[in-house]
Amino acid sequence: MIDNKAFRGVVPPVVTPLKADHSLDVESLERSVNRMIDAGVDALFFLGSSGEVAFLPDSLRAQVLEAAVSIVDGRVPVMAGIIDIETLRVIEQAKQAESLGVDALVATAPFYALGGPKEVERHFRDIHEATSLPLFAYDLPICVHTKLQPDMLIRLGEEGVLQGVKDSSGDDVSFRWLIIGNNEVGHPLQILTGHEVVVDGAYLGGADGSVPGLGNIDPYSYVEQWQAAQAGDWPAVKTIQDRLARLMDITRHVKATVGFGAGVGAFKTALWQMGIFNTNQMSEPVQALTGEDVERIVAVLKREGLMEAAAPIKASFEG
Amino acid sequence: MIDNKAFRGVVPPVVTPLKADHSLDVESLERSVNRMIDAGVDALFFLGSSGEVAFLPDSLRAQVLEAAVSIVDGRVPVMAGIIDIETLRVIEQAKQAESLGVDALVATAPFYALGGPKEVERHFRDIHEATSLPLFAYDLPICVHTKLQPDMLIRLGEEGVLQGVKDSSGDDVSFRWLIIGNNEVGHPLQILTGHEVVVDGAYLGGADGSVPGLGNIDPYSYVEQWQAAQAGDWPAVKTIQDRLARLMDITRHVKATVGFGAGVGAFKTALWQMGIFNTNQMSEPVQALTGEDVERIVAVLKREGLMEAAAPIKASFEG
Amino acid sequence: MIDNKAFRGVVPPVVTPLKADHSLDVESLERSVNRMIDAGVDALFFLGSSGEVAFLPDSLRAQVLEAAVSIVDGRVPVMAGIIDIETLRVIEQAKQAESLGVDALVATAPFYALGGPKEVERHFRDIHEATSLPLFAYDLPICVHTKLQPDMLIRLGEEGVLQGVKDSSGDDVSFRWLIIGNNEVGHPLQILTGHEVVVDGAYLGGADGSVPGLGNIDPYSYVEQWQAAQAGDWPAVKTIQDRLARLMDITRHVKATVGFGAGVGAFKTALWQMGIFNTNQMSEPVQALTGEDVERIVAVLKREGLMEAAAPIKASFEG
Amino acid sequence: MIDNKAFRGVVPPVVTPLKADHSLDVESLERSVNRMIDAGVDALFFLGSSGEVAFLPDSLRAQVLEAAVSIVDGRVPVMAGIIDIETLRVIEQAKQAESLGVDALVATAPFYALGGPKEVERHFRDIHEATSLPLFAYDLPICVHTKLQPDMLIRLGEEGVLQGVKDSSGDDVSFRWLIIGNNEVGHPLQILTGHEVVVDGAYLGGADGSVPGLGNIDPYSYVEQWQAAQAGDWPAVKTIQDRLARLMDITRHVKATVGFGAGVGAFKTALWQMGIFNTNQMSEPVQALTGEDVERIVAVLKREGLMEAAAPIKASFEG
């Protein structure tokens, strides 16, 4: 039985390693997951946006969750993204995830078809009724084009529909309203920020944890930062954040493409160059980064001490 | 073998009738499809946005296509929407649709994960390689938040990747560039407009046909309009359009909700009140229209002669 | 006294010629205005978006209107843009324009400060009360980020607040609702389309005229097209539109910049190369087009017969 | 001579009190400005968005700055918004403000006409060349629809074009990149946050100060918060922020309108009810809040201790 407090602290959204044939690279996944757990992360979130969930067919999604549950083996809670277009499709994802033994589910607002707040609220209620697992709302307007309103989230928290919120809305004002309103009704929601560059402000403001994609690259610093926040050492929280923000430079100067291919493409490239992943293979239609983009990422990793200064650049996939 | 010219003229996106338990109402589907074919439509597009494709689980999508192919029985070509988030998931939809015997596929740009033009173009190339069926690009930025660029579409038409375009972009200037550019290279693409209220201007500008959601309600007028356009009777094309625009009022004054639930909700309610559908059941999380919304729709149908002036309003589902 | 019917037909938004020192080039303005009147345009719209109104200080705006009224000299009605941020500032523009003898005013929704429909409607009422001139609403959401709703426009038309609408909304469906609704209440509004590439469809749908920026370059064709529309010769209307759409290519392949600098920059460059303007000087912070951008524009002008095939390219300003 | 360090700390954007005839209420302005200076604010920003700059004609803008310079009388630096559409118009605002004796200027990116990054950068360079005063960039995409890029801002800081940035972008990630990048090149820019609800996180992240609209209502708490931040007392910084966030509720439940009229309308109503302003008069086309909206605001003020619990509600303007 997972304790409600289990979903606090550092919860990296796990990047999904792929082989050249687009199948799951379980060996790399195991290496990365074990490294994050060893670093002290509090939980792991599989099949989030950074996990390429949008790109993976249902069968591959199932393989990811099976491998996740097996590798994690109860050491930390496993959260699973159940990302699909509208309610009944999301519920099918929920049932598959639940049957594979995950500990909590994470769902966005519905997307593609235009709706209003009525439909969004009913969507989360429908999903909750269809599962016995704790349900997190994933606030991600850049992908689903709906901002989840704090009042609705808090109401669903009070009623037991939602266990928490993963906020990647980029709206720090709304995030603060959510934290304050949640506290006013007894803190039913676990509120996690998804913005790895401003975790310090989120912690100071009262967030219960973070879901940092960059935590795949440097889980140690995010764990150290969370511990400093728990200890009230705010200058340390801020100093660690600045270091992590500089590391985030790996994603900021990609030339070959934009958006997801630049962001997660850089994460995968870093993990590959650091020897954690076997390749930086991406899922169709996104192409892996190459050439100068790889070189720039390696330069940042060396500058920030994540790779030895003398390490050679891997120019092509190993396997 | 479907002729290239088959995808011209009036191609209604078929509204999907559901039973109260959310299963497919085959009886209503048969009535509606037969009515449209009897009216003289040139093809039928199943699992479009108006067909609630976003809401339907894969198993229900398969049932829709099976029923579609069976009911249509070769009388007109069957186009099938293969709507999913990213490429590999769309390809799975394509394979299911192809195995069920449809005649052409319709895919949007990828959505949810942010990308750039490189990824959009590769997406359509990947889908084309995975199927032997004609492929249409569905330009629907209001749902997928990417506008398909005319230059790319024409290039993919010339190379045989795309058979045509269903344009619901709401960008009539871009639509004109598409038509003109397509003509300059020999008209490889069949270009259909999805905006049922301005079909007259699209035909005058050179569109090859239309995909009018409102064609579910009044297929006769859209067929009459297409015939008038073929005959060069532009005043008639315009007059019919004005009548159809007035009929479109059924969607414009819904109070209970917004977006899809108002638009397709009104279509379903009209089909129910006209006796073509057994219910106006919607898919979760959208609720069927009721009360005054139904009354307003009936008033428009009577005003426009689609229902007898004395017909009573059906106050609840029949079955 | 200007007749209500005066604001129909072809009403080019006049491009404002500037000298190298950013002052008004009256000589070029006179040449261009006379050419458009000789071509048979029905009215002229000064200080529209194409007239660089956003860039011009109040004193220069006054010079433009003074020169406009003087040059036009009653041959056609003069419409004047009164573009400013919020109501009281717009009213000051209205008073300046009225004092300079223009025949009608054109105002957008307020911009910069966020508001709702109440404020937009009150804005137009306030302006109307402050002037005795006919007032047109300029629907330009790409610049002011508010779409004017057909119902509000028609209500203001019926009440005599608005004389008409210049629609550059890019929303052809809403434009059709506007036309149909306006007709249902007796046609109080003169409705003009600002989209020069799809004027044919707008005329077929019932528009009262057009405000084509490209009419600065080829007023003759727009006049010919309007006459064909009045005569019901729709194939001619369409054929002329296709030719004008190809001419619009001058704006579509600019490399040096984007947006306004590409669009109006191309118009000015064409007018300069055709010998109508003395320069293609733009207003700060926009830079005039040069080099290959000029060459591409000249190539289109020659291809479409607006310049002699053998004419040399003007490589720099003449004066 | 204003020291570079003068533009740090708490810099409220001054709300502009108006009389019922829309003229400047100098008496109320004096009361409010003196109260903020007495509370210990570090500078004052007149003619910002909260100061209704978008609504005020040039003559009224001049009156505001004249009164501001006279009332402040050198006690703190006076910053002045020079908000207009495009560069030459902004420069005219700059010259008027400079002639009236202000200490620094604040300009947004150009708006209305579409442009690209070239034009934005040239815009700030042009303004800088036209004035001898320190220039701040005002990053306000919600109003001007352009996000200022950190790299450009830092480059303009290094070159002496910009003295600082007032960030109201709502993009806390970009804000962090700006702070970090600015520090890396020697901190040429003074970086102020405009988001009054998350100042604590901004201070922890390294902001040089804040521009809180809510500082008009409770300047004491913002000053206390800044002093706590300077002393490194982060728990106090956070606790004060939570209190201020609850006070911000005055803006969150307005029923009569949306956007600016709700936000600044609530500020004015609070200042009126607290006896600092004589009225809550707004500028056309925005209407002052009334009835239940006033009651709700008063209830929040009482709950947060800004008004005595027993104070009666002012039901109408005093004068």
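As written, the chains take the letters A, B, C and D, and residue 1 is the first residue of each chain.
The working rule: a residue touches a chain if its C-beta (ideal position, glycine included) is under 8 Å from a C-beta of that chain, and two chains touch if they have at least 3 such contacts.
Note that the structure is predicted; figures quoted are calculated from it, not measured.
By residue number, over half of the touching pairs seen at A-D are also found at B-C, the match among A-B, C-D or B-C. Counting every residue number used by either copy at the chain C-chain D contact, over half are found in both chains. Chain centres were defined as the mean of their Cα atoms; on that basis the chain farthest from chain C turns out to be A. Between the CA-based centres of chain C and chain D the separation comes to 36 Å, rounded to the whole angstrom. Each chain gets one centre point, the mean of its Cα atoms, and the points for chain A and chain C are 49 Å apart. With touch defined as above, chain C holds no residue shared between interfaces to two or more other chains. Counting only pairs that meet the touch rule, the chains in contact are A-B, A-D, B-C, C-D. The touching residues of chain C, counted against chain D in their complex, run 22, 49, 52, 54-58, 60, 83-89, 92, 110-116, 118-120, 122-123, 125-126, 142-145, 257-261, 283-287. Within the complex, the chain D residues that touch chain A are 170-173, 176-177, 180, 195, 197-198, 200-202, 204-206, 232, 234-235, 237-238, 241-242, 245-246, 252.
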